[in-house]
Amino acid sequence: MSTVSVEDPERSESPVHYLNIHYGVKSWLLTTDHKRIALLYLASITFFFLIGGTAAVLIRMNLLTPTGLLVEPATYNKLFSIHGIVMVFFFLIPSIPAVLGNFLVPLMIGARDLAFPKLNLLSWYVYIVGGMFTLYAVIAGGVDTGWTFYAPYSSTYSNSHVMATALGVFITGFSSILTGLNFIVTIHKMRAPGMTWFRLPLFIWAMYATSVIFILGTPVLGISIVLIALERAFHLGFFNPALGGDPLLFQHLFWFYSHPAVYIMILPAMGVESELITCFSRKRIFGYSFVAMSSLAIALLGFLVWAHHMFVAGVSMYAGMVFSILSYLVGVPSSVKVFNWTATLYKGSISYSAPMLYGMGFIGLFSMGGVTGMFLASLGMDVHVHDTYFVIAHFHYIMVGGAVMAYLGGIHYWWPKISGRLYPEGWARFSALVIFLGFNLTFFPQYILGYLGMPRRYPVYPPEFQVLNVMSTAGASILGIGYLIPLIYLIWSMRYGPVASSNPWGATGLEWKTASPPPTENFEETPVVTEEAYAYPSREVKVA
Amino acid sequence: MPESYAVAAHQFDDLEQQQEASSLGIWVFIATEIMFFGGLFTGYTVYRTQYFASFVAGSHLLDLKLGAFNTAVLIGSSLTMALAVYAAQTGKRKALVVFLILTMILGSMFLGIKFSEYATKYEHHLIPGIRFAPEGAYPPQMELYFSFYFAMTALHALHMIIGLGLLAVLVGMAARGRFSPESHNPVEVIGIYWHFVDIVWIFLFPLLYLVGGR
Amino acid sequence: MPPGIPLAPPQASTFAPGVDHLFLFLLGVTGSVAILVFLLIFVFAVKYRRRSPDEIPPKVHESIFLEVGWIGIPFLLMMVMFGWGASIYYQEFHPPAGSLEIFVVGKQWMWKLQHPEGKREINELHVPVGRPVKLTMTSEDVIHDFFVPAFRIKKDVLPGRYSSLWFEATKTGRYHFFCSQYCGTNHSEMKGWVDVMSPADYQQWLGGGAGGESMEQAGARLFQKFACTNCHHPDNSGRAPTLVGVYGKPVKLSDGSTVVADDAYIRESILRPAAKVVAGYQPIMPTFQGQLNEEGILQLIAYIKSLKIPETPERMKTAP
């Protein structure tokens, strides 16, 4: 790999694009170019990923022995809280939307920028301010409420830095709202001539559905967090039973956002997947409108299933039954997507390029997470496995196996467009394999642990659970290495990678019709769209 | 704000597209705001159903006259805001400035009255969590009612204060002649925001002041 | 799997076999679909691999038949999963009449349990095999959760309300129970053992140790100590309604509505007496919040529950 010829980019010779048009810190911190903002997000979420990942490593190491290898329970509680808070609010939620979404939404629809570029920059600053509050909480001593902030523990009993963390999460919420608002308006109003709704790439449909959740869900989380903070600061009784409040109300409000938030994390991943599958099998997506509409169905149904997190929390039997049925309903559009992706491969021309390997890994891991969701939606089953490692395994398969796999697949796929360089293909395929194997070794044992009854958030556990925990930790170390490899070679490729052409994959889509990297204005002239998405050439075959 | 205000920003094709984008933007923002207040309204509804008597008792401690007067003040400010938007559409610069300032005066009046109500609550020991010791016997969840009263009205007041700040910026821009019948997006957008904040109060007033009939 | 690692906890309650069967059903159905999808992906990936850089694949026509099929069939399968799970859930909400009632109080970070006969234990629960047991649970601080993997049941334990959980143990032995709702620093130490004993052993265990007072007796003592009798006369002649025979019966309130005098209502009336006042009475009762702990309230409830209307009205006067 080290022998790849290094082209010395003479500024005067290379064309002007968004990366080299201006230099200096100021040109980045004050930019309103959606592509540069995407890179600001890329750098910041990578930073938070490393923090959350470090916490995960410490958690897994501590669980090597039943009595806790490294730290006291109080410290362990802070570790898993910060892992959850950072990974959910500061990595997964902004990951695909704020990085790939920001970069690609205008490019894919043929616009020069998002509708509100200054708002876009503001959203990054809001994100950073929220992140600073959370980091302060970590440095000042940590927070131990878990990412779920359940009352009355968070509002009355916890002695940790709940206020700073809550403020951080609350502020960051506005960054999501601003991004969602920007995307909705942009997708509605800024499409290039000829780019009708049903010619939109499926990634755009996924971004649109995600934005709807940003807009309608995030403020509810915001107000619940404000109420927790008020209750903590002034000893009010919103959720305190001693004053007539109801702790279950907090759970209802929290999950009204945080269940849809799971779809914030997975819908964009599904959007990326549709792009990868089509490009690397050179096929039109099978059932375009079903895949597109299933994104909207997931976004809307996702708002009606929140109480499935509360089947054993004290909701009535009938509430449990209603939410169980609704939860199954939201499973239907997700499985529709998987079946359509599979059908897209049929008679395709399938390439094993690294993004496709990530994409196939996504289908495998997401399906595993999805089918175990069927277990959790089944009431009698959920009563047994709720709040155990079964749930941990389930949502890591969706949110790490699914979302992060697709995120990395997307980063690789669009890396030539983002950086203008190609990454080393061999290393990329290798890392996809390492991540896939490491992931399964980490989280598959946790399904069994959960069924055996090991509760979540346990630093100390009965010795009979040790073997499976050691397996999981071994997997985590492989997984950790798997995540570091792309970090290294992607950074390396920014300088030393071979220069990419404008369309190295032979993909359709407007983003591939402009230079790599694109100029600041994205397109030399506004593109006109005359065909549907994924119009890959195909042979007409005579059917008997 | 765009430097050359009659020209669309670079990402838009023309002024019309820019205007459509900003008005869709504010409506999407209002959807967010509705959900934001919605969380509080949900909590309020749950507890009001559960502890109706306490909520009635709490509500009866509010000053109905001040609340009703404030409602009228706010509706008045919506009228002046609507007239300001009309003035912007028809290019009447002076009228625009006057109506914006009138809106600000009415908004400030609302806030003044609101804060005097807060002060009275403080004197009567009706501040939940900090200073809650009403005279005589009171139903047990009255404190919860006042928690919601303060949370909801304070959140509304915060929106009013932000609105006043935005209006102040608008007045400055209007005075410098930044708006024309073709280009006055900020007036329209902030107008919609202002009406939304008023409508929230139209819901808050009966929910907080008129519980159990008076 | 390395040898010696079980794949499921022991089956030790009437719920356990049902939940395990449901698990196998779910595993069978979802597993076959998942394996089918993985196989297809594998076969397609091999069979249709790109053979030349400029290969052009044949056109494949979409099929509404397929789409409807893979919407409809999974949906029907899911409804079976729903129905099966819901039927177990339904049973879990309906303890059989005559269950042995044990009271559980969770606090950071221990479980306090009390048997109706008065025997108390901490982080240990002794129950007889083959008899339905109903746990009435509450918390003194944050939310906890009582989870017995071998019984396949769990339920959150909340402050300020009672939640209940029932099971019938089918095998003697010692089984873990855990707090499975995160409750603070020593959450993972908040665990213990369920000791399922033969009925004879259970009776012996109940009789052993100090012969403390039963919950009912403790409740009666509290009833005297807090001078409840001053107002709640047994013959309904006091300033407050009689409590005899009130448990489980509907009570008419001053606002015209009716509530059933269950555990939750009695608890609320002790702690927040003015919330639901019985029709015809003044809201004069003081609150006992802060004076009674959760166990005391449970004992009072046990006592009130024991106040049955006697056969002949004359004997009412002799009631405590």
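Lettered A, B and C in written order, each chain numbered from 1.
We adopt the following convention: contacts are C-beta pairs under 8 Å (C-beta built on N, C-alpha and C of every residue); 3 or more make two chains touch, one makes a residue touch a chain.
None of the values given here were measured: they were computed from a predicted structure.
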Please flag the chain sitting at the greatest distance from subunit B, going by CA centroids.
-> C
When B-C and A-B are ranked by contacting C-beta pairs, first place goes to A-B
Centre to centre, by mean C-alpha position, how many angstrom separate subunit A and subunit B?
-> 35
For the pair subunit B and subunit C, the C-alpha centroid-to-centroid distance in angstrom is 45
Residue ranges of subunit C touching at least 2 other chains are 272
Multi-chain contacts in subunit A, i.e. residues touching at least two other chains, fall at 244, 246
Touching two or more other chains - residue numbers and ranges from subunit B = 51, 54, 140-141
Residues of subunit A that touch subunit B when the two form their complex | 106, 111-117, 177, 180-181, 184-186, 188-190, 215-220, 222-224, 226-227, 230, 234-238, 243-246, 249, 252-253, 256, 521, 526
Parts of subunit C lying in touch with subunit B, wherever the complex brings them together | 255, 272, 274-275, 283, 287
In their shared complex, at which residues does subunit B touch subunit A?
-> 9-13, 17, 20-21, 24-25, 28-29, 31-33, 35-40, 42-43, 46-47, 50-51, 54, 128-130, 140-141, 143-144, 147, 151
Note which residues of subunit A are touching subunit C in the complex, please.
-> 73-74, 77, 144, 146, 148, 150, 152-153, 156-158, 241-242, 244, 246-248, 281-283, 286-287, 290, 311-314, 317, 320-321, 324-325, 328-329, 331-332, 335-336, 338-340, 342-343, 345-352, 360, 363-364, 367-368, 371-372, 374-375, 377-384, 386-388, 448, 451-453, 455-462, 467-468, 536-541
Residue positions on subunit B within touch of subunit C in the complex are 51-54, 137, 139-141
